[in-house]
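First, the structure itself, so that you have it in front of you.
Per-chain numbering from 1; labels A, B, C and D assigned in written order.
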């Protein structure tokens, strides 16, 4: 470790002194490590297997997305946002498009809104599936990974049919949508709903009551709601700590106010609660999908937007509930075709900050569980 | 709330609204106090984001922006201040621990220093990198070719 | 020629193991046979594990090398042997070099006393089970050495975990074994045995497998052993020493190529070894089902047909798969290969139907089938369970299995004594 | 089993033992010493086998090579090897050490030269088949179970040692 005094984000107890004068072990977890979900490097300070403190070293995947934005027009930058949180590309696109729409003072037509919600919720499910598979794999259960990937495939197929891309979809345009839905889109979504409902039970059957899973996740990586707010942690992690806050409900965007769904919360803020919250969120997403697919109105899919976009001088902050938490865009316009400044408020980046707090006093194996449960995507952490 | 602050601080604070979003431009000297009061008195307990914008032609080159949210009021608020190059701000880590990394990122990208930050160092770029990429005078193709040559062994710097 | 055949048949019909008879030639032949069989078993296990796990996880597993990936283990072995053998610069060269050999040797040596049949063992030691436990406990040395000599953090933590884990679970394992040994003494003479062959013969004499002896005591002891043996072999859900998501690969992180393959070989043969212990101690070893209840020449004939039928079934599966192969010129060689493999299995089945062979081979067959069932369990565990955390692992070992083992041991002694002195306890 | 090439195996194992013992005390690296000690212990177990005491040999392997030495290694691995390598190998008690070694050597020589008169030559009874039973009989048997009490007391002593170690190592109980 470069500095033995790791900063403490909160007023934490000083790391417990090892009783015997045993050597502190400093371990470099990553950037190439099976459990760091990409290129995260965690410097662990261990007493035996107990974590005394840790420091995250990030930036290995830094591509300067914000700098690129300043050198592209508003439309040209749209595909780049997909590359941040690449497992939830649709959500990124939604946030960006809505932020620019706010600057332009236009609103996407209702039909576009509905299709946006459908695709975003499908993407939320896909993101949670990927999280579940990798998280379970980190804890040692191999099989859920393959189950979730099998089912995620169905979602990706819908994406592919809709816009031709599976991962970095670039599904939305500023002002609405580029493409009308293909023939049988509604049917595909309905099929997916009926296909996916029993699959969640299947995942839960493998894990929810598994004794080892319970032992590995209950009471691990506990974070209180107060700490979550202080550290700016959002998304399922915040909700698992008992704070009932979801931007979809608190400050509805798109047309989420038209849909009925619950915000699941946990009580203890441990890894198991976060697991349960995400499982229930998947079910709630299915619920939204059911309502959305039943109510798609007819009409145009694109609002009236100028070919060359020149938003008036001003600035806007718009945030949405991405699968990982609050995804915000702060866009400053100087009246030209290119944004003057685009700031992305990445949920993974801010959530990752809580890792140190959540891992102190736990064991090495718990660090893995906590990294998995934070559900970070390094593409978004580093941008 | 904003009116109250305006009354108390007078010209040091200027409340504004754009497309329905409130923000206030605050004088640099008032920043620590305003932020502290926003959290303690107005329940802006969640600092969503902290970032900066560079205006090279201005005398005070940087806008530093705090995006705040209050759970109890369900309300967002932005606090903005202007500082010149080389000036520093007092760190708000003690107010919102989340600004720890956010301040590091602003330092990393713009070179704005925060006094009292526990560990102000580069976060996304490697230690020892020269230049601050998100400043407007930093070209998009530009990079610290010396660093690249030394650390990565790439001669051309690309 | 005739003399030779006479010699062979007279040896085979004698009731001694080569070691017991002090016959070097036969001992050598048996050693070669056992190790060749073991290698084949490891190869088969490798393929089966990947296939079965794959099918549990809705995927296909190896499909490219040979029909249904049958040749995949050979391709892997070739790759590992040809791979560059990397030794870390800062490693302790000698220990790094020796460690995999110690692990492999320990895993293989155990098979010296494994009884595949009343005479099908390399030797029958007076202290057979003790020897097995002792030698298999040596493999932890190799793991510790490997972890330490790599001079790297992950292997070191893996080695520390491994040594703590194996030493802890040996205690529970030993208690379970002792209660099984105690059961061998529940006869009129009151004398037990540590010999592997003696243990199986005691089960035959007492007319029950020890799993069902003094129900449920035997079952509990067996359960303790079954848990401890998974931990001893570092397999899921106790695979912490090589937990890939935490320690990349644990103690063999720094190993590659041939040396790594030795660890792999050792792990699989250790799995087979502990399963053999479990089978010998609790599942009646080489005994066929119901040797006493369903005796008589008819039943003997029926049970002796099983090996041939099994191979016929496998051959049938092969032919069925051959028929289902895609009819495309690209798959021509693979289809032919699968058919030949099926034919080979059918040929083996036919050989196994020859009366002289099927009588001799039957013991080995039943033993192997029982061990294979355990192997399947290993794979099943791996597909189902998440991994334990280290403190939980220790908790299971010391706070659950150890008291349970002690309790079972005491109760076995108590009820064993009771049942031998008051023989009409169960039938008053 | 009839003995085969007994002198050869005896000298080979003794040689391994001696060599191992020398390596144990000369290596600077504690892990190497421990490994040499394991080799010594294994050779010793083989010698027990040659004495037709398979039970003792088995116990030797399980307890010493498999159990105690693993714990030794466990502890040694956690110690900084670099530091211990720099420490001086021989300390100031080398005079005492030489004296003790000389005394032991003298004893050995005396036994070797006068051994025949000191220890009456007896016929070795091969107890291979019943060795384990013989040990058990001696310890607990109905006829000569005189060591039972001593055996149990010894295990109690070990228990005391274990509890003591726990008390010393743990901060709070």
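Just so we're on the same page, a contact is a pair of C-beta atoms (placed from the backbone, for glycine too) under 8 Å apart; a residue touches a chain by one contact, two chains touch by 3 or more.
For clarity, every value in this text was computed on a predicted model and none was experimentally measured.
Any chain touching subunit A that also touches subunit B would appear here, but none does.
Shared contact partners of subunit B and subunit C are A. Of all chains, the one whose Cα centroid sits at the greatest distance from that of subunit D is B.
Centres computed as Cα averages put subunit B at a distance of 70 Å from subunit D. Look at where the CA atoms of subunit A average out and do the same for subunit C: the two points lie 46 Å apart. Centre-to-centre separation of subunit C and subunit D, using mean CA positions: 32 Å. Look at where the CA atoms of subunit A average out and do the same for subunit D: the two points lie 61 Å apart. Every residue of subunit C that touches subunit D in the complex is listed here, in rising order: 19-20, 22, 92, 95, 125-127, 130-131, 133-135, 137-138, 140-141, 144-145, 147-148, 156, 159-160, 163-164, 166-167, 170, 191, 194.
Against subunit A, in their complex, subunit C makes its touches with residues 53, 56-59, 153-154, 157, 161, 236-237, 239-240, 243-248, 382-392. Within the complex formed with subunit B, the subunit A residues making contact are 3, 6-10, 58-59, 62, 64, 66-68, 70-71, 102-103, 105, 229-233, 243, 245, 250-251, 314-317, 319, 326, 328, 330, 332, 340-341, 343, 345, 349-350, 352-353, 382-383. Within the complex, the subunit B residues that touch subunit A are 18-19, 21, 23, 45-49, 51, 53-54, 65, 67, 71, 74, 76, 78, 93, 96-98, 100-102, 105, 109, 118-119, 122-126, 133-134, 136, 138, 140. Subunit A makes touch with subunit C in their complex at residues 25, 27-28, 33-35, 49, 136-143, 145-147, 150, 206-207, 210, 212-213, 215-216, 363-366, 368.
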